[in-house]
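Here is the structure we will look at, set down as structure tokens.
The chains carry the letters A, B, C and D, assigned in the order they are written, with residues numbered from 1 in each.
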Amino acid sequence: MNKNNFSLTPPMGWNSYDYYDTAVNEEQVKANADYMAANLKEYGWEYVVVDIQWYALDAGTQRDRYQYIPFWEVAMDEYSRLVPCTDRFPSAKDGQGFKPLADYIHSLGLKFGIHIMRGIPRAAAHEHRKVFGSDATANEIADPSSICFWNPDMYGLRADREESQAYYNSLFELYAQWGVDFVKCDDICRYDMPSAKKEIEMLHHAILACKRPIVLSLSPGPALINEAWHYEKYANMWRITDDFWDSWPLLKNMFERCELWQNHVSEGCYPDCDMLPLGYVGKGFGEERYTGFTKEEQVTMMTLWCMFRSPLMLGAELTKLDEWTKGLLTNKDVLRLLTHSIGAKQMYRDSKKAAWLSRDTEENAWYLALFNLEDTEGIIEFKETELEESIFKGKAYEELWTGETIRAADNNFSVRIAAHGAKLYKVIE
Amino acid sequence: MNKNNFSLTPPMGWNSYDYYDTAVNEEQVKANADYMAANLKEYGWEYVVVDIQWYALDAGTQRDRYQYIPFWEVAMDEYSRLVPCTDRFPSAKDGQGFKPLADYIHSLGLKFGIHIMRGIPRAAAHEHRKVFGSDATANEIADPSSICFWNPDMYGLRADREESQAYYNSLFELYAQWGVDFVKCDDICRYDMPSAKKEIEMLHHAILACKRPIVLSLSPGPALINEAWHYEKYANMWRITDDFWDSWPLLKNMFERCELWQNHVSEGCYPDCDMLPLGYVGKGFGEERYTGFTKEEQVTMMTLWCMFRSPLMLGAELTKLDEWTKGLLTNKDVLRLLTHSIGAKQMYRDSKKAAWLSRDTEENAWYLALFNLEDTEGIIEFKETELEESIFKGKAYEELWTGETIRAADNNFSVRIAAHGAKLYKVIE
Amino acid sequence: MNKNNFSLTPPMGWNSYDYYDTAVNEEQVKANADYMAANLKEYGWEYVVVDIQWYALDAGTQRDRYQYIPFWEVAMDEYSRLVPCTDRFPSAKDGQGFKPLADYIHSLGLKFGIHIMRGIPRAAAHEHRKVFGSDATANEIADPSSICFWNPDMYGLRADREESQAYYNSLFELYAQWGVDFVKCDDICRYDMPSAKKEIEMLHHAILACKRPIVLSLSPGPALINEAWHYEKYANMWRITDDFWDSWPLLKNMFERCELWQNHVSEGCYPDCDMLPLGYVGKGFGEERYTGFTKEEQVTMMTLWCMFRSPLMLGAELTKLDEWTKGLLTNKDVLRLLTHSIGAKQMYRDSKKAAWLSRDTEENAWYLALFNLEDTEGIIEFKETELEESIFKGKAYEELWTGETIRAADNNFSVRIAAHGAKLYKVIE
Amino acid sequence: MNKNNFSLTPPMGWNSYDYYDTAVNEEQVKANADYMAANLKEYGWEYVVVDIQWYALDAGTQRDRYQYIPFWEVAMDEYSRLVPCTDRFPSAKDGQGFKPLADYIHSLGLKFGIHIMRGIPRAAAHEHRKVFGSDATANEIADPSSICFWNPDMYGLRADREESQAYYNSLFELYAQWGVDFVKCDDICRYDMPSAKKEIEMLHHAILACKRPIVLSLSPGPALINEAWHYEKYANMWRITDDFWDSWPLLKNMFERCELWQNHVSEGCYPDCDMLPLGYVGKGFGEERYTGFTKEEQVTMMTLWCMFRSPLMLGAELTKLDEWTKGLLTNKDVLRLLTHSIGAKQMYRDSKKAAWLSRDTEENAWYLALFNLEDTEGIIEFKETELEESIFKGKAYEELWTGETIRAADNNFSVRIAAHGAKLYKVIE
């Protein structure tokens, strides 16, 4: 089983975090899935992912003091494995876990994903719970000095104990039974925690052992560029940024990150720019809000993510999606880049502008994206003396967001772009 | 109450760690106290300190795998306060805690000390135990991301919750009831954990609140020189090194540390060079051994510690003390430096040699220590053109370890010293 | 010769830099010296220091592009030693160097100081000039990789060549001939250039060799606290800050630096808070301006410098000194702290306030300084439960800037202080 | 002009450094070129590169004290441009520079390269020499604080002065006149000098301006992975290591570096593993020696360099090449990887072993390299469950160094390899 075959193009889907934080429930997940099946599936959107703390009782009820209530009750089976709490996920009753929900998602022709934290529940370690398929108990494989600095739920696993692999195997065996297609593992991929390499390998081996092609996504980022080979070997996607939100400085900063990681996108290997905070977001964090991005910034974000071929995960509450946003997410010409663009390269970048170029895999075409990074409208020049002249000379090129078509005499031309905006051209040879 | 009056000279005593590791019991503590009272008390030795994990059941029983068994049972009262476990400290039965043992130590004319870890027991947080004198429960004041990296017992306290002070107050109220004279708080003073500043302050305030002059000692070190003012303000002693053992490289390195901290020794403020690994040590760590230091190195260590005025804490099992070691610890002329030397300064230091100079506070005398840091016997020169000539010119100076007396024509002279050895002179004006 | 006897109290004087930058001339130096002799000498002010680039032709003439014109002509003798350029220092003609000017300063009962850069002129190395008292030539002792990052004049000396010491000896022999009393050596003391330790030692040995008690001052700072012993052994003063100017954030930051270095002030050893940017400053930097400090900030600065016992070096153009500023510099009760205060300690400090306490060396008195670090007037409390009660109980204490006297019932009292202001009390027991 | 077309495959050639250090002369360069033309050219070897200090008089004559004699005479034209010194390069007389030597190399059907240091000669700055094509003089564009830490010859150029570009343009105009095909620029690409980015861009623009397709090679390394895009945009090759020599730890370490950079090899962009210290090397450094690598290590080095597609630059004195070494350098099946292997990936690596896999660009074949990194002979397993089964199943695969052919039942097989040795297989589908 080759993990690079689990997702031949960047995964597209929805994730509960940006809107619901820790507090999403089954009904809400289903409603978003229903919307996706009805409105987005045909454009390639397929994953429905339940994010953090589906196992945590009372999650979200002390939001003024804690994002994650420490030392609180979690739903767990006798083998130290977290299970959905039934107050929010009623179908998980009688030990059914996420199987009923996954079945429902699958019935819509979609795929089902969950978020997990690296390690084993702290509560399991303190209670000396069992580990499925092993004589060890949780206290023997939990590493008391390996914790997450922002979430209190887990202990990392001891890399020097082979029973640790048994525990991860037992997790994925359960997830395979449930029908999970996608696992986003958190607290495992970040510049200041290189020791998680061993746990990434254990996750990978557990996936191979469970025989189900579960896509493995690593968080929270930013990932380490000097461990790129390791991610490519053992995972399908890894965050190249800490949590991304609807703020221009974060979006502008993503150009630097994409520059850094552009050579590391390949089949089954996707550096991840994080969720798209579009439409309505933020309810679980205290107050629902419409995305703070301007329309131009949204176009810039979608253009960069597609050019770079990042996974696309929607943060929006889908049932509230407006027409504008829906249009942004259903532009087939743009989304085609995720599946048919290759060799995307940044051509230039400074504090004011950036340009990217790629090839279509099937058609004799180029894609060219131009970005205005300044706070005012401006003329963006494309002036690449080093390109073969034949690329643009006299060709018609079509802007994929607007349908406008222009012609260039050669590789040097310029175009007016709104503040923080972008143009995405397709040039047919 | 001025904390600088709690110990007007550097504390001298015995600590259970170097010999017993985590596993010392009441009988052993008493035997060492008896020896001290009978043989060392008259020389100034007075503290008897029970080191780490006196509250931990089965401590030391899984020594092949763990120094500290993680997620194991600890003895604790209803208010989240650790108490001595009665299998090793039988007199602690019926909630008496360390009071009976402290009473016994006091009856010998000695003082009693204990080791604690910064924070609140992890078990208390997970069990939501009460906090004495507060409505908060342990889970509310424990910081789930504040842990010790080498010991699994505690969570640090939230600096932003005032109930944290209540918890520390409740601890010292209990210790005052027991009759504790000295607290060595661990995991609180180290270059890579500056955030413990707030917890040091809380400890200090808890001591003032309990009205008992409990000496506060901070570990593990190395302390941060740029936080020196903070230690001097809130504590009585702080380790300037990580754990010190009987190894020449560690001893040689201490010269650099003493150079760094020499200006920070004052009444009630003692940078701490750590325990003296003399005589028999190491039993609890797996194998009892006689100190690995040569006799010359032992002389060097005692000379440096006394010249620098470090606290002196014996690591040796006192009941097995040999005559040589006992002689080292009962040289009144040398120990006088702890109480009557002032203004000690390093005169020079390089990789081969070092010299220190100080004044006697009562007599018209100087102390001069010369060290041979090389691996072979050699001639150590003292050549200080900058000193007032009158110091050594024609004076008799007595070597305090051997009683030898020599005379110097001026400030320049030289003496033969064994490899890793030292000479400690007293010069009467 | 003991370097600690060269200046038994913190040096007080005037330095040309803050007003003239690189471009001061002989006449201006004399005018400032005249003023000092007539108006300030009786208060202890005595050093007149010519700062950077007295050897540089055309210094200051390309101020729009360079502070220090690179690769430009410097005045130098045949032995690679920089000498004053005669266009600005006419009395230096005929190889007389600074002797005539020094003689003049001495005739006023004052002392004369100069600034130098660590090392040997780059020009001397490229021209293979001679070194006095050595067969080596400049190119052999100059280290081509040891440069100053902000001044282009010099190469550092090779620490591994003994001829380097010969060069420094030749410098100080010349300075002794001139009658120099004070040398401020730059580019030698800073956290990011630890390798200068060896050059500090060479300077010290050169001073001993020249037999003249030349005070050695090290710049630019911030000095390294972990090399404190080294500075105390080899120098008289060392900057604990980078260049200090008339800006409140810099002044507020000095409280942190004084906290750090407070234990390192002793006879002949003075951590240095840098020049006092009072009165008129800045002319050589492009535009003369009256200090940007408010009167309250000036009081705070003077109070902190005196309490800490920093050297006091005036940056003001003395001939333009106004009455207010002159009053600030001639308050004998305040300046007494430089000569008769001892053991100054910070009592507390946070972002809003600070307090320092010291003893008078002769009188039975205490000094207490209170600072309001906030941007608004406020009540500053002094509440030291740890002090012996007898200090303040019922005593009269006099504010040394205003002469106001108040009485306190005990160690707890409070006082109203202006924004960024200070009160300095003397308490007679 | 597209710089990626300057060298469509990794450059292969000879460099004077490993054997001659700074002291190579014209006759020696010609002798090596002659050998190359006669014996190696047909295998793809074509560049002849004169390394560092061809402009430095007396280079190498004070080798006991200096590698580079500081502040010594250099050959320079009136425009601050270094030229070959005629004692070692007689044909450079009458201002002909390297043109005669380049012509000779070209006459052999080979290409000619030179080494330069970033910046402008220090001597030119101190002498205020002219800059061709600009009114500025050297002292105006030289940055006095931008130096090389291991070579004393140059100052970096001011990035904020446009005349700096004029200087670089004048250099490459001259090099184009001479007929230079390859420039190795030193002191410009290293993890601790990020500020050189601007100078890399200036070099690139100077090459475009001179209209000659001069390959640009950056040293000394290690290059910064987070500036990979910048190197790929502006240079042809960049060192991923500091100087590489014939030492097993350095060779073993190269596996880590190749892992890091494997995604950054493309047409015109070659991460560079540095020169091959084979045959006789070291004469200029003090003593000629035969490479310290075992034959197995030499095979490992050649296999890794070819698999990774590093440039191949011979350090050996070619006129002394033995048959074994010559065999190593003329194995067409192995060298084919430089021109016809693509997509090379590390399959696994730990402290004991490594494996790489790539495709042939024309034939339906795979290349598989297996390495034994241990100090003893051992069995190296290849066990890639994730590869498509069809790759190895039942195929014949030929070891390209020995010609041995074996067959594998599937993707799992193992082979015995000598200590530090390698096997390089070609598998025909």
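Definition applied: a contact is a pair of C-beta atoms (placed from the backbone, for glycine too) under 8 Å apart; a residue touches a chain by one contact, two chains touch by 3 or more.
What you see is a predicted model, and the numbers here were worked out from it, not measured in a lab.
Greatest Cα centroid separation from chain D: this falls to B.
If you average the Cα atoms of chain A and of chain B, the two centres end up 52 Å apart. Computed centre separation for the pair chain A/chain D is 40 angstrom, with centres defined by C-alpha atoms. Chain A and chain C have CA centres that are 58 Å apart.
Among the residues of chain B, none is found touching two or more other chains.
In terms of inter-chain touching, the protein chains here make up one closed cycle, each touching precisely two others. Applying the touch definition to all chain combinations yields A-B, A-D, B-C, C-D. Within the complex formed with chain C, the chain B residues making contact are 1-4, 208, 225-226, 228-229, 233, 259-260, 262-264, 346, 348, 385-388. Of all residues in chain B, only 70-72, 122-123, 125-126, 128, 139, 142, 144-145, 147-150, 152 touch chain A in the complex they form.
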